[in-house]
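Each structure below appears as structure tokens.
In the two complexes below, subunit A is the common chain; its partner is subunit B in one and subunit C in the other.
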Partner chain A sequence: MIQEGKIGVFEASSLVIFMVASKALFGAVRELVEATGPSAWYTTIISGITALIGFWIIIRLMQRFPGQELVSILKTVYGRITGSLIALIICFLYIYNAASFTREFTEAVKVFEYPLTPPSFIMILILLAVIVLLYYGLETTARTTSFFTWPLIVGMISIFFLGLPLGKLTNLYPLLGHGLDRTIITGLLRSSVYGEVIGLTIILNALQGIENFKKAGKHGIIISIIIISLSLFIYSLIFPYSVSVENTIPLLTLTRIIEYGRFFQRFESIYIFIWSVAATLTTAINLYLALSIYCKTFRINDHRVLVLPLCILLFSIAIIPKDIVTITSIYVHYLRQYGWIIFIGLPLLTLIVAAVRGKKGESANA
Partner chain B sequence: MDSQKQKGFLSQLRNILTYRPPKQNAFVLPELEDEGNEGNSEKTNKGDIGDKSNSDKNNKNESSSVQSKKSKKNTKKPIRASEWKQIKSEDKETKDKISANINVNLKVIKEKFHVPENIDVIIREFKLAQKVNAFIVFIDGMVNNEVINNFILRQLLNPLQFNGYTSGCINQYVREHVLAVGQTKVIDKYSDVVKQVLTGVTVLFIDGCNNCLAIETRGYEKRNIGNPVTENVVRGSQEAFTENTKTSIVQIRRLIKNEDLIHETIAINSTDNPMASIMYIKGIVNPKVVEEVKRRIKSIKTDLILGEGILAQFIEDRPFMLFPQVLATERPDRAASHILEGKVLIFSEGSPFALIVPVNFLALLHSPEDSSLRWQLGSFLRLIRLTGLLIALFIPSLYVAITNYHHEMLPTELLLAITSSRENIPFPTIVEALLMEVSFEFIREAGIRMPGLIGSTLGIIGALILGQAAVEANIVSPIMIIIVSITGLGNFTIPNYSLAFGIRLLRFFFICMAGISGFLGISIGFIIIIALSTSMKSFGVPFMSPGWPRTKKSADSIIRYPLWKQEKRPDAINSLHRQRQPQVSRGWVVDSNPNNKGGNKNDSGR
Partner chain C sequence: MNQLMRKLIMVLILLTVIASCTSGCYDQREVDEMAYVMAMGFDKGTTEKLRLTLQIITFRNQEGGEQGGRQRGGQGGGQTDQITVECSALFDGINLANTILSRQINLMHAKHIVISEELARNGDVEKYISAVIRYRQIRRIMNFIVTKGKAEDFLKENQPFIGNDPPKDMQLLKKQSAYTSYIPEVKLFDFYNNVKSTMIDPIAILAGVNPEGNLAAGNLTEESLQSGQYLAGKIPREGGTKKEYFGAAVFRGAKMVGEIDGNGVKMYKMVHGLFERGYFIINDPLAPDYVISLDVRQSRKPSIEVKVTGNEPKINVEIFLEGEILAIQSRINYEDPKQSHILETTFEKIIKEHLDSLIKTCQQDFKADIFGFGRYAAFSFPTIESWEEYNWKEKFPEGKVSTKVNFVIRRTGMITKSSPIVPPIGDVQ
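Moving on, here comes the complex of A and B:
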């Protein structure tokens, strides 16, 4: 089994925050506003609460198998071969997630900052940092993530506050958006946005106990709900609906219109920094989780040998989509719409199957 | 004439083509027969120069072949490797034991120290109490002659001193009744004798004794205690360590008058036979750290350890990183404060610096002055240093990134100011930045290498004249001069020399990353550096603690809390005794209040 080291609650929460909240820096905000209108800011709260319920199911599952991480539980419940296959599906989901994230960032950064740079070059740069992070493993990735957590949160909140004077309350109307039914259904379906929290189950042993796991998951989801909801709220407050559905990267557009006098204007510099850091770290975390699942499935002791092949695989998947429209409308859209099947559905199914087949962990049996 | 010329030409051609053996008087550095075999190398070094050596070799080969034929007839039974090793080590041990025969001892000592070739080694033979043969051995210049003349030789030559001697080992008697010297030690191995003599100790051999006496006589010339050169402070102690380890240890002992302060010496396995000294407080330091320090120092096998700078490179966890993982200080007060935090101090002979382990990143940004000043001022200074570090690291790269990739980020007026100043500059910004940074490094290096007064003035001349001329010649823009100057100033605020050097080199890395892809490149570079730093450890302690990984809150990290609030030692070091002072360290606050006799347990941070 790979040696993953130990991480604390703050570091684990940071992993969740980066995996979940960094989506607000990309096209997800626009997509939700387009789907639900001005009610987007509380649609995401519905999604978050759904995710918290899903997380409660995950906690129940982990409590049934104390000291076991997800891959091991899957093998216990479904048998070695079926369990491994399901684990590999989750592994692929994380690779897919990382690849779509990398490409989405690459396309966005190409459109706004580096129009002449080839996408492959930007991806290689990101992968350079990802390789270093993955090579040193979970401890380093978690510590680096926690290092950038406060800059991310403070940077985003400062953007929100600086943009606040530009807002008009009337932009938030109609309060129910496209209708309450649509808001609730979209909110439930898009709980997949918070679904990456399942990643903590993969690295459970590094978290030193189920209590830390619970705390990290809850904190991570709640902070992410606040960040995403705030960004949607400010965005809806500043841009009228007709304009807000047109912006490719909503928060970047927001930073561009901030102006305080002749000197303090265009706060893109803060944005670009947190943008690139968030993209790189989110890719690294997703890829590490995929790496961890793979190693645990095939009982590989040293993860470092897989770093380079996995990065090449990620690059190959990320380079496939034609353009940014393909990424956002197909890759990201389906992932956010149906990701919950794996993120919430799978733990629930596993819990039911475990109950039916009477499978329990060692200490739970005792 | 033509034929002569032709002859000359032909003979020249023949001379070129003909092989001629090399001239006899040419010196040829002999190659070793077997570079891995140290024993053989010595033999070959001694005898194999010139043609003689070849004939010697041939003779040896012949004789060895004859011997091998003979030995084939008398083949011994093979023995196991472990047995052979045991026999060899036993043989070595017996050979290393001091003989009771003084003539044997004299011969061995002369061989060991290459006497009489080695004129510094003094062997003084005499008759103990005018009867027994004895000799002392010491190195001229390393010892205090007065001690040898008045308190060793005078005593040993005086028969009256031996009136009380009846029988038994005379060494014991000499030690207890004759010598008027503070420190003596009985030694029974030649290898120990060699080590002691090389450090300035005088060793006494007496006929009939199978051991000898090491007498403390160290008295070589050494530098007086001076002011710190690299860690200056306005308030606080003004004395620094010296190259002499003994003096440095006394300086620490003067500051920490504690019976638990331990000083140990460890011999380093190196050709120059240096000793490393470690100091720590038993009961506070984590014993595992001490063990690890000893293990690392003992495991070193090298040629030369000249001071702590070289030693540090042998014991660091991650030698390929630019940041130091040990803290070098020349200030006894700083060293003492770290010892009291539960760290280990390492001295190596020949350098006026001490190494402190384990350390974290923030410790490299601290200065002893922070504690001398009031807490607000100390905290402010730390923030200034941190800002200086960030400026030194990022300002040139941010300038390169903005001017090359992100012009739209600048306010229009500032952009116009930069553009107009760069109008006549032929170079791209990255070339301009690298040019100026490299020039700045030249000035700095030249300033250090140039002697005394010239060195200090060179910096000013270089910076002023060169900068002014470069701007006037339209080679660099004035804004670049400002950026390089601010960067230089920022770098000078970093109190640790090795860290400052690391930041200087990283600056070039960030300039290149900014030149490649602007802000994205800087962000990627920064992530890589943070990833490498968070993965680093200094003797088991994470380098980026207490932040990443998060340990218990420290009252002495970036913000320095008031001294009376610093109740606990840093968590990451895992010292045995975390409590540094009671919760109420200023007793008078409680005592002065008549309603609160004995203090309140909840009065934290008083």
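Moving on, here comes the complex of A and C:
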């Protein structure tokens, strides 16, 4: 079995924060504002609460199978072949997630910073860093992520505070956006934004116990809710609805209009730093989880042999979309809209099937 | 050996990443290979749709020599030069200008976007603003200006009077706006947000070129608020540069529909809560031949309430001001609390009259809600759909507006009691 080492609660929470909250740095903010209007900032709180409920289901599932990670549980509940197939679907979902993230970042970099650089070159640069992280495994990836967690949080919050004077409270009206019903439905559907927390179930054994798993998941989701909701709040506060639905990368556009006198301008330099780090680490984490699922499904002991093929696969998927609109309106959109089926629906279904078929873990049976 | 090879590969990967990231690779450009545009001017073309003027910093005359400057950009300056091309669109113009220059045009440091009044009144702003907003090099913190006459002519005169730093001169417009209050602070960001909004109509900074020898052209009336009644290009003055910012251009949607003078801008700022400070010269209520100078500030944000029952929205505006006495020509003791209320009431009345007049002009003549009352009206609507259905911009001209101004004299300057100057002997009445 793959040796993943050991990580603490902070490292695990950091993995969740990067996978979830870094979406606020990309086009997801614009998409949610377009769907719900000025009510986007609390729509994501609804999504977050739904995700916390989903996480509670996941905890129940993990408690039913103590000491087992998700792939092993799927095999126990559904049988080896069906369980493996479901695990591979989750594996593909993480690769897909990493690929769309890499390409979205690449396209955004091309729009804002490097218009002449070929997208493949930018992607290769990201993947080189990802390869190094994946090669050294979960411990290195998790520690690097935890190292950059505070810069991410502090950087984002400083952008919010710097942009605050530009805000107009009146931009948050009409308060219900496109209507309360649409806000709630969108909030429930888009709970998949926080769905990557399911990744902790794959590396459960590295977490040293279910208690750490619970803490890391909850902390990760709650901190991500705060970051995403604040991002949406500040963005909606500064840009009126009609303009907020236009910007390709909302928070980057926001940083470009912050100015304090003649000298303190161009704050996007802070943003671009955390943006690049977040994109690389998020790709690495997603890809590691895919790698881990694959290794556990096929009982591969050394994950390093798969690093390069997986990165080539990711590159091939990421290069497919023909333009930035395809990525945001098809790739990312469907992932956010229907991702909950896997992230929340699958654990719930597994728990029900396990209960119906009377399947339990060894300790739970005892 | 295997271990060594592995380390070597890692080092190579690391070096490749560092080298690629730090050099900028495909997009690397040297600073001195760029031609930095300081201001862009948009005029209606004669042979093409657009006449684009780019004011470019040349870095000539760095040592402060006067001669070169005078030859090029009007009075003083000389750090900039300009290129004007007839073109069909902004990027077409930039392309043409790039054929003239060996260095590539770069808009990253552009400070002003100047539109001619003709173009603004035709509603052509809409055509060009989309390109400006979309392009990554252009920042939305540029000043958005409408000029009387041609933008090309204005940019010729867009040179600093003091110093040799045109970009600084352009950036100081923000401070100029704050301490005079005759100039609004309008960034591209503000203009674009408002032009797209269903709750407010935009304004732009009004600029112009003041002709030489305009000193005798002053036409101060007996109006209660003197000196703020001008528009850009009309201030009676001699000296300084010919460029002038004063007042604002009013837009309905993307089309310019009128202008407001310096006093109007003060009122506009008061309603928006942006009025930082301004000098007011009013006629002395007890001695009409004399004037009183006041330094006025906004003591707190205005209170605005909009009720949207029926087709006639009811708008209540309350402004809170405080001031300091700068000069009392008549030397009447207005510092005395028994008399200060006369000054306060008179000032409140004057501001209210100007405010009411501006609101009326915006409702009846411009039909443009430049005050953003729509933002407050939106409080009463739960959803975007219900708000859009109400159609605020159609209702605003019918709105019943009531205004109230509160003014308190907080300080009296370095004199706390005015007293008459002793008249010459034999001249006592």
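Quick notes
By our rule, the second predicted complex is superposed on the first by the 366 of 366 C-alpha atoms of A that agree within 3 Å, B and C clash if a C-alpha of one lies under 4 Å from a C-alpha of the other, contacts with A are read in each partner's own complex, and residues count from 1 in each chain.
The rule is simple: a contact is a pair of C-beta atoms (placed from the backbone, for glycine too) under 8 Å apart; a residue touches a chain by one contact, two chains touch by 3 or more.
Since the model is a prediction, treat every value here as computed from it, not as a measurement.
In the superposition on chain A, A:S269 makes contact with subunit B only, not with subunit C. In the superposed model, A:E11 makes contact with subunit B only, not with subunit C.
When the two complexes are overlaid on their common chain A, residue A:I324 makes contact with neither subunit B nor subunit C. In the superposed model, A:V243 lies in contact with subunit C only, and not with subunit B. When the two structures are aligned on the shared chain, A:H178 is found in touch with subunit C, with no touch to subunit B. By the touch criterion defined above, A:L281 reaches subunit B but does not reach subunit C.
When the two structures are aligned on the shared chain, A:I57 is found in touch with neither subunit B nor subunit C.
Looking at the shared chain after the overlay, A:S146 reaches subunit B, while subunit C stays out of its contact range. Looking at the shared chain after the overlay, A:L138 reaches neither subunit B nor subunit C.
Shared contact residues of subunit A with subunit B and subunit C: 113-114, 117, 121, 125, 128-129, 132, 262, 265. Within the complex formed with subunit A, the subunit B residues making contact are 405-406, 408-409, 411-414, 516-524, 526-528, 530-532, 534-535, 542, 544, 547-550. Put simply, subunit A touches subunit B in their complex at residues 7-8, 10-11, 109, 113-114, 117, 121-122, 125-126, 128-129, 132-133, 136, 139-141, 143-144, 146-148, 262-266, 268-269, 272-273, 276-277, 280-281. Residues of subunit A that touch subunit C in their complex: 37-38, 111-118, 121, 125, 128-129, 131-132, 166, 168, 170-171, 173-180, 239-243, 253, 256-257, 259, 262, 265. Every residue of subunit C that touches subunit A in the complex is listed here, in rising order: 10, 13-14, 16-17, 20-21, 24-27, 136, 139-141, 168, 171-172, 187, 189, 192-193, 196-199, 372, 375-376, 378-379, 381-387.
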